[in-house]
């Protein structure tokens, strides 16, 4: 957990390719949550062409002092696009292991929405919820633990929790 | 094998996304097995949003002194969720090779259960058996060797052993 | 961002296998953009047999002083060719993380075109746009940020931007 | 190639999950081949729960002085099991590259056998032949080279050799 | 590029599993090309059981002084064999990035041939052309660049070049 008195740098990397400005939504949520809780943060943003350009950009920001990151992108709907998203995700995993820092991945697949409005809703909801999660990870991990195994979802309604 | 007189730290990393608190089940099994055998353990737990957030969290716990870990999560049922579970698993493999420490992976796929009750049974059974396995790995590896090639399963009934 | 007064070395790696000289198109775009903006660049080009030979060639150029790279290739249309392109892409990701430098990947799949003319158009367009993107990444990152989440595509028409 | 006068340590890692004790078969072949040829070997065996637990266990044995290893396991027949075997295999590759030592992988897929007896035959045959191969790799590499491109198979009959 | 007066060591790694001696074909081509051009080479050959045993063998040869390598193998025709070839290829990529040296991969899939004669033709042709490519890479890279984007194929007829 971060010392609350210092400015915590957070990396936000997004793409030109995505069909909506999820990076802006994430930054607004990060900054509002920080203000509401008196947490000190500083967002560093990079925009790259597409999702496969995210990992190295993110790694550089993490190695230059960001404490954690959020990666926002939109894989297309063709089979080759799924393959590209897999490659981007694997390299984002690698960047985390190399830097020992967490990167939350906010990927919304272009075919997830029933229509443009639904797609926009998923994008906004997922970007907001993961920005919130990132703040908890950095400043209030107990909030995550409270919700362990509770079926929390980002982008859609939560699932039903089962008693074990 | 661990010296039995020192407290052995064990990492438990689970998710908010899963539809049941497998982390709690694993911890109960670890602690009961430890008490029954007079093995000294200390559990360190982290909860992260989803399975792809497990690897870096686990790597950090292992590098901070945990001797081994257990990773509990629930991939969803869509094809993209299988891809995500593959990415998480590959990075958990990587985290093990980087730290030289074992992480048992307790993933229950959301579509493994015939219904909610069956799914809950699989989750509880797999979390318990792998928590047990982890204790054997750390404190009693001869228990594993006794069962070599015996068709032991976690989450379902054991398979039939063949004579070679 | 690069100091504009020094010569910035850029790696261009392409293949014999591709059915058109995308490397030449990329180099022409890089050099024209540099002249138009008075940015000083020096292109270092390597041609390799096929896409799987790109990663190590690129890594060597990046470690020998190139600031960034562009990788151009054409995966064939058979299933095994998709697998090869996946392997090449994964290793290009790895080369980026090892060198901490960006490599834009311009892969045009042989089956992307409706016919030879259409395929040639996709190849030319994608090579030009990504060469342009690379110049922005190196010399004018604000141009990328301006287009964040705007549905920019390379090789085809842009997609519609959604308000979030 | 190993000095024949010293004891060469060989790692054998197998699983509880497999439906037959392939580890025992491999060890018997290793020890018999060693006796027949007056090669000095010492087998170090570890049993782990399932195939995904093999890589880190193997890496540790190789780094603790084993010259090479053999990994024996049985992926299940469901699609998710193929994915798990892929993850295990990728990490076994990684463990080899990290340690610079060879690990022969003896995986028998649960659905390879026409029935239980056939499955048992494949398991025994593949474990024996790969144990033999490992001994050649360590002590008599010329035996492998003699058979270059000859269609040698493990677990099933050899294939027909073609003249090139 | 290599100094032409010293002996350049080249690694050739092939398998027992393949149904024809492609390693021999590659070595003949390497040695003939060297003689014809007065390039000094020394071939170091290793034969391993199957394609998944190539990467670590190749890495060792590259780290022991070989300047580049050629890896020859034959994945079988079953789906699991495609997975194995993917694992081998990924690890060969990794070995190249670790050693910073090029390895040309000559994999002929068992189901590529219309019949045994056709399969033998593909094997011979691909092994010869890639051995030739490797010599160009080491001694005459300008030959590769001359053919950039020209649709050169190994194992089959070349494809038609498009003007961009």
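Just so it is clear, A, B, C, D and E label the chains in written order, and each chain counts residues from 1 on its own.
Following the convention adopted for this analysis, contacts are C-beta pairs under 8 Å (C-beta built on N, C-alpha and C of every residue); 3 or more make two chains touch, one makes a residue touch a chain.
Keep in mind that what you see is a predicted model, and the values were worked out from it rather than measured.
**Student:** Treat each pair of touching chains as one step and give the shortest count from subunit B to subunit D.
**Tutor:** The least step count works out to 1.
**Student:** Which chains sit in contact with both members of the pair subunit B and subunit C?
**Tutor:** A
**Student:** For subunit C versus subunit E, which are copies of one sequence, does the interface use mostly the same residue numbers on each side, meaning over half shared, or is it different?
**Tutor:** Different: fewer than half of the residue numbers at the subunit C-subunit E interface appear in both copies.
**Student:** With chain centres taken as the means of their Cα atoms, state the distance from subunit B to subunit E in Å.
**Tutor:** Each chain's C-alpha centroid was found; their separation is 42 Å.
**Student:** Which integer distance in Å separates the CA centroid of subunit A from that of subunit B?
**Tutor:** 26
**Student:** Would you give the residues of subunit B that are in contact with at least 2 other chains, written as numbers and ranges?
**Tutor:** Where subunit B meets two or more other chains at a single residue, that happens at 86, 90, 94.
**Student:** How are the chains arranged in terms of who touches whom: line, ring, star, complete or other?
**Tutor:** Topology of the interface graph: a ring, with each chain touching two neighbours.
**Student:** So that subunit C leads and subunit E is second, what is the order of every chain round the ring?
**Tutor:** Around the ring, beginning at subunit C and stepping to subunit E, we get C, E, D, B, A.
**Student:** Using the touch rule from the top, collect the residues of subunit B that touch subunit D in their complex.
**Tutor:** The contact residues of subunit B facing subunit D are 82, 85-86, 89-90, 93-94, 96-97, 100-105, 109, 130, 133, 137, 141, 144-145, 147-154, 159-164.
**Student:** Spell out the part of subunit C that touches subunit E in their complex, as residue ranges.
**Tutor:** Going through subunit C, the ones touching subunit E are 14-25, 45-50, 52-53, 55-57, 59-60, 63, 80, 83-84, 86-88, 90-91, 94-95, 98, 110, 116, 119-120, 123-124, 127.
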